[in-house]
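Look for chain A in each of the two complexes below; its partner is chain B in the first and chain C in the second.
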Partner chain A sequence: MKPRAAVFKFASCDGCQLQFLNAEDELLKLAGQVDFVYFPEARSRALEGPYDIAFVEGSITTPDDARRIIKVREESHYLATIGACATAGGIQALRNWADVEQYRRVTYPSPEFISTLSTSTPISEHVRVDCEVWGCPVDQHQLLAVVRSLLSKARPVLPAYSVCMDCKRRGNVCVVVARGAPCLGPVTRTGCGALCPAFNRGCYGCFGPADDQNMESFARLLASQGVTGDDAVRRLRGINGYVRPWRETADAIAADKK
Partner chain B sequence: MSEALHMPQPALEDLIAMLWREGFKVLGPVARDGAVGFDEVRKVSDLAVAMRDTQEPGRYRLGQGAAGEIFGVVNGAFSLKPFFFAPEETLLEAKRERRGFKVSEVAPVAPPLAFIGVRACDLAALAVQDRIFLHDRFHDTHYQARRKDAFLVAVNCARSAPTCFCVSMKTGPEATTGFDLSLTELEQGFVTRSGSAAGEAIAAKLGLSAAGQNEVVSAKARIDGCAAGMQRGLDPTDLPRLLYAEAENPRWKDAASRCLSCTNCTMVCPTCFCHAVVDQEELDGNMSRRVRKWDSCFSLEHAHIHGINFRPKIENRYRQWLTHKLAAWIDQFGTSGCVGCGRCITWCPVGIDLTAEVAAIRAHPVKR
Partner chain C sequence: MPSRRTKSRTIRVNYLTRAEGEAALRIHLRDGALIELRLEIFEPPRFFEAFLRGRDSREAPDLTARICGICPVAYQMSTVHAFEGLYGLTIDPAVRELRRLYLCGEWIESHALHIHMLAAPDFLGCDSIITLADRNREAVERGLRIKKIGNAIVAALGGRSVHPVGACIGGFTRVPRRDQLADLREQLLRVRDDAVECVRWVSHFDLPAVTRDIEFVSLRHPDEYPMNEGRMASSKGIDASPDAFDDFFEEHQVPYSNALHCKVKGRGPYFLGPLARVNLNLDRMGPEVTSVARETGIPWPNSNPYTGIVARALEVLYAIDEAVRVLDAYQPPPAPAASFEVRSGVGRAITEAPRGSLYHAFETNERGLIHSARIVPPTSQNQARIEADLRALAPDFIQRSLAEATHMCEVAIRNYDPCISCSTHFLKLEIERH
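So, the complex of A and B:
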């Protein structure tokens, strides 16, 4: 029996679940191994739980979603978050530092119909998560490696070291050292294969913090490159801004400025 | 040392063409993305001609050099390491069969490589890697396949970067062993020597004449001048004992307060050989590849064993790296793991300088 898999969407752009469909060369193999019984983006037929594997995309931003994720957890034997939104709160976690009520009134002609939370939070703040797949979007190879591990009844192992390791394996010249470019690579988890530095740009931190990093030193490095105050805060409060080490560092820099 | 020959500049062009004809893929220092790196060269103008590097801890810039100077750049981020010890390669494949599975080795694809412009430090590093991968009975077949036919043209250094400290590590600035041909660049051409039978054969084909006495003197003066002008040094006196005794020196914490644990120093180090071996399964479960990748003692996972991580803090990892490199390496391999190329200093994003760390520990020991 093929495992029953489900793909759920919360507050997100759909880019991560699209990585399944973008895996064109692997799609037939994937369909041969896993039965996606609930995947609204891919098929109109949607079956009820329970599910063996749930892939959850998106963050929790509404009271309805806060209730729905609990039901998803109850129905799912194994739950993996996919992407920066589900794993860290996403870019929309910028609201966590803003006045959401004001946004609501300014943005919508009839704000009374909008029911929203004042924060965007990762899935792990609401339910137990078995595996976190980072990235904006997730890396297709990592996503399929997780599927394969689960099929083999093995614990998925995803690399958590810095982008620098893959950057050097790839033979890139360091943009920090050779160009003085601000780059989040040294404190960011690998997964993209050091994509941006390969095109001579600093890393944006799409895969969130590496497993261990020295944010105090990194903040000093940014400052030495002239990246201070709001500029430094904006770099850290990006795609994964709400995740703890980056949040705390950005908050400290912001507090310092005041 | 073999006889000194005079190689006029056009003969370098001939050398490159000859090596290609002999079946080598020829690589040399080429400017790319703001640094030099070994890349394919078909002609002298492919090399980083008339360029110079400016290096300091955490900073590297490529700029204009002396007109006509071919080997003006000391080095770049990458040594010879990636060409012999591949950053990532498949070692074997396992295919599912009707009953059980079949394992087959994956032979490395290894065209013979010729390198032009290898510095003495990098030759010394290659000897260290040879000691690791080709020692005694146990040969790493993948490393060996790439290494065995390599042709190495060394260039003796006429200037050093401020991050260089080969003199104190006794590895340079002159290449004395481990090369096929060596060059010392002069205003007009090179003084060249052969260091192997293969080198001698190539030199003979080039039809070079003996170098004049003044050229030999001038070549020596350049190398001596480079050695005399070297700014950095690492005092190797009794280093293993010092570092073992100073395992609890507060300087490790101090270094860790700066260290990003990003792994860059180990990646650019020409001798660091740590690697991870991972299995990569095909999605249908019918085939699996066993892949070897460069790894680093600065990653948290590296020290993760069943149930525990024995180097959880950056200070543990920095100490592990430096103590292994400069002390345990000697116990293990009979040679230091450091050749004084200075890459870990230049390419550290925050410019941590191991020579300064060692000096600080030496100056303020906690144990006597």
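So, the complex of A and C:
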């Protein structure tokens, strides 16, 4: 029997689940191995749980979604978050530092009709998560590697070292050394193959924190490049800004300034 | 109060499938008359326009891209063009051409996705591309080949197809050498026949024959098919600079629902996207694409929303030819990006996203930080038009089964390839209530 898989969406841009559909060469093969019984973006027939594997995209930002994720967990044997939104709260977690009332007023003429929580939080703050796939968007190879591991009943293992290591391996010129560009590569998790430095620009941390990061020395590196205060805070409070090490460092810099 | 004999029926589609994002539709009929029709968008708000305030304009293209994973390139393009206007930049012609190529990639990818994965299953009685593949593997493989080349173009210029990293204000952070693009050209030429075949395939679908009174809106450029530049144009006579967006269009609140609708001021709903662009710019598609368009037997321009899928397939063909043209003429620009000084001011731009005109307006302070941001995505502009189409279908519902009526609505909505994730400010929507 093929495992029954489901793809759930919470607050997100759809880019991570799109990575399944973007696997043009593998899509039909994948469909032969896994039965996507619930994947509303790609299939109009939706089957009931329980599911063997749930892929969850998006963060929790509304009271309804906070309830829905609990049901998803109950129905799913294995739950993997896909992407920065689900794993870290995503770019929409910038509201966590703001007054959401004001956000509502800026965006909607009738803010009272908008049901929203004051925070955007990762799935792991709500339910147990079995596997986290990082990235904004997730890397397709990593995503398919996770599927393959699960098919062979192995625990997926994704590398957690820094973008910096891949950057050197790839033979990129270091953008920090060569251009003095601020780069989150030293503290960001690998997965993209050091894409931004290969494009002559600093990493902006879309894969979230690496395991071996040292935030203190990173903050010093930024400061030595003249990136301090609000500037430094903005760089850390980005797509994965709500993840603990980055959040704490940015909060400390912000508090220092005051 | 309804009498005992009244036949009252509610149709509810709880989750609109094969669309990007989340929406539900509720229709209430009584004695064959439409009592209520409601397209509910329950995509949770992500507040882009709010959190962009205070961010650096140079970060903006990476941030607005995250509004939509299906059309990040268009978001980046509207953003960079708005700031380039604001900072008074002149863009190198070679960069300008590369940006056309970049958007061609996204059109190909997004259109191929919509045609094969989202819309075609409707017309062929399948629930997904996977079941469609069991029935017509050739068409599916053809679609995947086309889609793949679109992704490859975006990745060549931006490193990856979802949220590419290469675009910046002024140009690109890195531009390819000519020889790095040779392979892309070969691949494009290989799928060109596929694209022609795809046009024929979709034009033979059983497309409902309707004619509606529609105002089509898209950019129009003096000598090319519109992508990143041009004036706003409409089938009812609009001809104006994108700077004047607010003079012609309004985001309008209806009293019963507080939903934002976009309307042409003083007129009503309007239609964006491939059908609008083809209708208004057929003379800019080149002789080859035009002749393929004529061969379909469908009259162009036309006011049948169901021909949108054919317009989309024609744009895939156009984008392939246009990409080859850009590649053939390509010489790398002297610098990948123009340099600039930030300043305070207002910048506005419209580019043609796969789903239609995408308007951005930003205000900055003297440090180049964003003071205010406004983003009007194509799907929210199309929303009032989608409702108008659904309302026109309603009289038919009474003789139909629930499943049939549901299917009809879904097909009608999918004509617009709605991308609900893009709805930076969608609300729950009520259409009619007596």
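By definition in this document, the second predicted complex is superposed on the first by the 257 of 258 C-alpha atoms of A that agree within 3 Å, B and C clash if a C-alpha of one lies under 4 Å from a C-alpha of the other, contacts with A are read in each partner's own complex, and residues count from 1 in each chain.
FYI, a contact is a pair of C-beta atoms (placed from the backbone, for glycine too) under 8 Å apart; a residue touches a chain by one contact, two chains touch by 3 or more.
Bear in mind the structure is a predicted one, so any value in this text is a computation, not a measurement.
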**Prompt:** Once chain A from each complex is brought into register, does chain C clash with chain B or fit beside it?
**Reply:** fit
**Asked** Taking the superposition as given, does A:Pro159 touch the first partner, chain B, the second, chain C, both, or neither?
**Response** first
**Asked** Which angle, as a multiple of 10 degrees, do chain B and chain C span at the CA centre of chain A?
**Response** 110
**Prompt:** Given the touch rule stated above, what does A:Leu47 touch, chain B (first), chain C (second), both, or neither?
**Reply:** neither
**Asked** Is A:Glu24 touching the first partner chain B, the second partner chain C, both, or neither of them?
**Response** second
**Request:** Have a look at where A:Ala178 lands relative to chain B and chain C in the superposition and call it first, second, both or neither.
**Result:** first
**Asked** Once the shared chain is lined up, is A:Phe218 touching chain B (first), chain C (second), both, or neither of them?
**Response** first
**Request:** Considering only touches as defined above, state whether A:Asn200 meets chain B (first), chain C (second), both or neither.
**Result:** both
**Request:** Kindly classify A:Ile70 by the partners it touches after superposition: chain B alone (first), chain C alone (second), both, or neither?
**Result:** neither
**Prompt:** Hey, is it chain B or chain C that touches more of chain A?
**Reply:** C
**Prompt:** With the two structures laid over each other on chain A, which partner does A:Cys192 touch: chain B (first), chain C (second), both, or neither?
**Reply:** second
**Fill in**
For chain B relative to chain C post-fit, closest CA-CA distance rounded to the angstrom comes to 11
**Request:** Please identify the positions on chain A that touch both chain B and chain C, taking each partner from its own complex.
**Result:** 200
**Complex contacts: residues of chain A adjacent to chain C** = 9-16, 18-19, 21-22, 24-25, 27-28, 31, 36, 39-46, 61-62, 64-65, 90-92, 94-95, 98, 100, 102-104, 106-110, 113-114, 116, 120, 136-137, 192, 195-196, 198-201, 204, 206, 231, 234, 238-239
**Prompt:** Tell me, which parts of chain B touch chain A in their complex?
**Reply:** 32-35, 37, 58-62, 76-78, 82, 87-88, 256-264, 267-268, 280-285, 293-296, 299-301, 312, 314, 346-350
**Request:** Mind listing the chain C positions that touch chain A in their complex?
**Result:** 15-22, 42-51, 53, 55-56, 59, 62-63, 66-70, 72, 113, 117-118, 121, 127-130, 133, 140-141, 144-145, 147-148, 151, 158-163, 165-166, 168, 173-174, 253, 258, 260, 336, 410, 421, 424-425, 427-428
**Prompt:** Touching chain B in the complex: which residues of chain A?
**Reply:** 26, 29-30, 32-33, 144-145, 147-149, 151-152, 159-162, 164-165, 168-174, 176-180, 185-187, 200, 210-214, 216-218, 220-221
